[in-house]
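The structure appears below as structure tokens.
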Amino acid sequence: MKNLEVLPLISGVCCILGGLGVVLHTNPINKIIMLALLEIGMIGLIVSSYYLDIAIISSICEPICTIILLLGYMKYLTTIKKKKKFGRDLPVLSK
Amino acid sequence: MISSIIGQLFGIVPFGDIVFGFSEFSIIGFVVALIFTIVVYLTKPEKQLEAQKFRVEDKLEVVSLEELKIRRMMAIVCGIATAGAMLTYDLFDYALFLTLVGIANIGIVSAVKKDWVLNASYQYGLIAMIATLPLFGSAGMILAKTGTLSLFELPKIPTSLLFEKIIFAAGMAGETGIAPFYASKAEMFRAPGSPYILMIHLSSLLLIVRTVEILLTI
Amino acid sequence: MDLVQYILYLGYALLIIGTLGAILGPKVEDPLIRFLNVEVPSIGVALIFLTYDEDLALMTFIAVNAILSLILIRALILKEKYESE
Amino acid sequence: MDILEIVIGAVALLMTLRIFLERSRARKLLYLCCLSFCISALIALYVKSPMGGITAIVYFITSTLSSNAIAYTIEQTKHIE
Amino acid sequence: MDSSIINVVNLTIHAFLVGSLLLGLHRKIIARIQGRPGPPIIQYLLHTIKFYVKEITFPITAGNPLYIFVALLDVSVWLTALIIAIDLKSSLLIIIGIYVLQKIVEHGCGLSSGSPYGKIGGVRSVFSAAAEVPLFAVVAAIYLTTHSVLISDILNYQSIHGSLLFKMPICAFAFFILLVSKAPNSPFGIVKGKDIVSGYMTEHYGLLASIIYIAEAIAYFALLWIFIAVFIGPWVVSHPLITLAVMVGLTVILAFVNGLTPLLAPHHSVMLQMTIAGLVLCDVLYRLIMGG
Amino acid sequence: MKKLGKIWNYLSKPEVVPRIFSIFIALIFVFGLLMPHYLNPDQLYPKPVPHSQTLKTPLAPYDRGGVPLKVPAKLKSQYPQYEPDLGMITAYLTPVANWIKDKTYYFGTTIVSTPGGILDEILYYTRGMDTVLESSILLISFIIFSWMFFNKD
Amino acid sequence: MENIIYSLYHPTMIIGFSVGILSLLAIGFQKDDLHALILADVVECAMLVIIAGVGTDLAEALILPGLVVSLAELLAVSEVLITRKHIQSKNHDSKKFKLFEEFKLPLHTGELKYDIEMEVLKTSPKFFAIILIVYGAILSGFTGGAVIATGLLFYALSQRVLGLNISDDVKTLWEGMAGLSGVAWAFWIFGFLGFFLFPKYWLVCLLMSGLGLVIKVGSKLGLVGYIGEVK
Amino acid sequence: MDLFNLNLAIVLFIIGNFVGLEYSYRRYTTPYTEKKIDKIALILSVVGGLLINTPLYVVGCFLIGFPLGMRPGYGRIEFVVGGIIALLTYLLLNSY
């Protein structure tokens, strides 16, 4: 660990904690936040290897990925809720 | 060495590192695949007379025109891919041909709008996705071990490739659907539209033979 | 330990953590949660590409990963939708 | 390794830990924002070239966007769960 | 054997006649086992001739020209097999390819007619192809032993080292199972089981049926020849009369096997054959590991 | 025997097949864990040591030598006799790439990815058939996707 | 300096194999279809790791087809799954969806708290799409195609989520580009063959194939987003 | 004996079968018989069994095919006798 700079070190911590966080959290939004943390770590590592073009591309793709996940989550949640509501209604009707 | 398996080698067509070879074996396979492709192109699908539940009269099942078009196109792609797979003498290229055939097979049946056909097609697609791991993985491992992918060079290298060969065979088994993994593929064959379905069968069987040849060669 | 191995071991760690998480993690019976866990190994793969200097592959992988997640999320939503109908 | 980097690094480390340990979702987001500021500063410091600056700017903008989207979703889904 | 055209024609006629007679004999023996007098042994030939002079009918549901093409393909496939195996003594792999084409013919025959029985026959031929093609793992074992898959090389090897039947009994058994599944009334004959009328060729009638019959006679001859050549040895195939005698013997054995066993259910047939193929694979692995 | 028959029947359901197949592959792969893996040093198209070109050349990490349009890069290919222009594509840079190259050290990937560079050499020239296949695979899957999307009913 | 990839090959293989084994076993004990599809994605990761371990330029050239194959198969197989679920579902509503309209949120039904759209979707997509398209055009090849496709898809998604129609200018442009896609394919093939038929003009061939592939892949993948708008 | 001659013999054998079938269908009407020997068939069979080991083996094949080809239930004993004679002759000729 002699010749490591601050950026790769922080990025590594971000990666590990982000990875653990994505797995351990159960709420999708927490997971997405942790995923953002993970991607921050990845971008930091890419920058610390001096590949700046890839860093730019991945930092552009990161919000795209996040937004897709968020939209999907919201839609998924509303669908599930609708299903549960109907599910609760049905026994009442059958009485 | 190599001629004791495939017979005489008549000539090669080099595309850079990937070389297409014409041996006794591959010419026969190539011609057969092409002939079948032409026949499939010319053939109109058969109609099926099916009994119905709770009804007296039978129903004539006809493949509709747009379904026919897409399926015919997929069958032709499948045939051309099979013909190409017969000729190629590069391991990774062959694996890609296998995947192309696999995906064209999914395309041939997925146009049928029936629950059980789609189910079988989905399961087959899943197998095809899983099978890319052993196929490409073994190609990569062979590259790592020997430093080449060409089927003309591989027999000259005296390295034992037993494990890689087994993985490659397993990948092929999944992609082409031999027993005991045949079930999902066999269910697909019950769909109407015989000429296109025939193409699935033809491609998988020819590819099995070709794989045996490759595995014996390297 | 220089940067290469550092990144490589991070990649290994993420691959293993992510795979285990995708298989055994908490509440993975929910497809969305499982899908989010699957993103972790893919980042691990990206790090391994970075180690081996396979930069074009890395760039493609990052771009393709966004498309992949779009496709999978779409499948997930539509499946839920059709099942609830 | 100069003192500036170490300070920013310490802040970033702290933020990372707090993101991981924090229970409240809104605060997590806050710390995430802070962390991304830190990281963009570190990027600019690490790459000693104008290109590093450009990268840091791009990264800064995009991380703001994703935080914005997450904040919106948190607010929308708060009462459903 | 030099491969002049006259010789090839001669061989074809020989194969057709001998194959037909052997199939007739097969039928007669099974009838005797079941306690019936059975038809004369030229019955198969008579069938062929009878169908040959009848007119062709096309079902309204059939998909042409595949419907006609498969029948023609069947005979051409086995003629190719005959020439490649017996005349040129070329690669066994090509023979597998040809066997595979035969499976495709069965499948196409069944599906192109549009008849439900034919369709089931075709689908079952897919099942059986999935099981029978792995049996060709035998070729790998042979390759590991003789270091060649050309039939001429295998014959040379046997003339020096003796017959392969005793060196690789498992492989010989697997190939024998292949023969059993190709013979009529076999336990593995799910393709032409009596529960689906006559399987894939239910709708093929007249000239087309006779062409398929001819092809099957040639196929029977060719497969028997390959078994004899590969496993028993060059001295048998050196003289046509001895070959004929051994073929008659094999036919008797096959008839007894087929006459005394029940037809298996489709999936069971597939899996049983797969189990045998698995045995062969184990044998191949053993040879690989022992051989280096 | 009856049990065996039941197992055989179970195996023939399409839903079961992917699962059986994956378990089968997993069992085979276990041997891969136990095997020693080694890399043959005699590889085609070798790469320099990872991260060794950073900040030394503007084309990092894809600098394989050669002067654009004049001297081909030195590559180790499978069949050099079939490739008369081997190495020229690696050494070629488009005007855009040349322009970027003079400005900065950090955009190697972009420079190499514009037509020219080692990967284009491999993907288009020496192993072009692979690329034909991969793009046709994409084409086919896209056709399947769009057809099914349009004809859902 | 001894190249590090030789000593790292064994651990990389081990990791690749263990990821493969774990995910395959997980598929093996999985009953649900969708879960199996998601886990198949992990299997693809294992494949990429195993190929990447070789660590040469050739290995990198093999990774790209591997990526494409996994993307393509996922695209086709997921659509098969969706169609199957659609057929299984009881009431076929005859109303046809446009693509990505399933992401549109029900903002006025009371399930969500506020009936406002996501702010980011209004401002960023055009910007992102332009950057990605321009950059992808510079990159060319399959990489550029994927980058372009990401931008286009994001733009289409945002427009659909907001319930907007894509403006006519873009549509016309897009129609032209989709038509160009076939031409680009032909370009690519001719470029590839040209290398071997006319080795003198390799430079033209190179540009032809690189640009052909970028247009082809970008438009094909991006076209996913505009399906239904463009005939 | 080359393949062509063998073919000739087989063709004649088949013709013999066919003639036998035709003959027996014209001669007998009952489907099955027991312990009844057709004299013509027996004679032909014995002659065929003798001839089959001579250069006239082609004719021998024709003749021995005659009883074998008779309709179901006929010609068994005749064929067996002919076959045994043929075998005995063969052994006799090749024993020294």
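Per-chain numbering from 1; labels A, B, C, D, E, F, G and H assigned in written order.
As a convention for this text, contacts are C-beta pairs under 8 Å (C-beta built on N, C-alpha and C of every residue); 3 or more make two chains touch, one makes a residue touch a chain.
Remember, predicted model here, so these are calculated numbers, not experimental data.
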Determine the set of chains touching chain C that also touch chain D.
A, F, G
Chain centres computed over CA atoms; the one at greatest distance from chain D is chain H
Just the chain pair, please, that has the highest number of C-beta contacts.
F-G
Distance between chain centroids, defined by C-alpha means - chain B, chain E (Å)
24
In angstrom, rounded to a whole number, how far apart do the mean CA points of chain E and chain G lie?
48
Could you put a whole-Å number on the gap between the CA centroids of chain C and chain E?
51
In whole angstrom, what separates the CA-based centres of chain B and chain F?
22
Residue numbers of chain G (touch at least two other chains)
4-5, 9, 13, 18, 20, 24-25, 27, 36-37, 43, 53-55, 58-60, 62, 64-65, 69-76, 79-83, 86, 88, 102-103, 111-112, 118, 120, 124, 135, 139, 141-143, 147, 150, 154, 157, 192, 195, 221
Per-residue overlap in chain B, given as positions that touch at least 2 other chains
14-16, 92, 96, 99, 103, 106-107, 110, 113, 119, 126, 130, 133, 141, 143-144, 149, 180, 186
What are the residue numbers in chain F that touch two or more other chains?
11-12, 18, 20, 22, 25, 29, 32, 37-39, 43-44, 47, 50-51, 61, 105-110, 113, 119, 125, 127-128, 130, 133-134, 137, 140-141, 144, 148
Every chain pair in contact, whichever chains are involved:
A-C, A-D, A-F, A-G, B-E, B-F, B-G, C-F, C-G, D-F, D-G, E-F, E-H, F-G
Across the complex, what residues on chain E touch chain F?
265, 267-268, 270-271
State the interface residues of chain G toward chain D in the complex, per the touch definition above.
111-114, 118-120, 124
In the complex with chain D, residue positions of chain F that touch it:
104-107
Enumerate the contact residues on chain D facing chain G in the complex.
65, 68-69, 72-73, 75-80
With touch defined as at the start, can you tell me which chain F residues reach chain E in the complex?
5, 8-9, 11-12
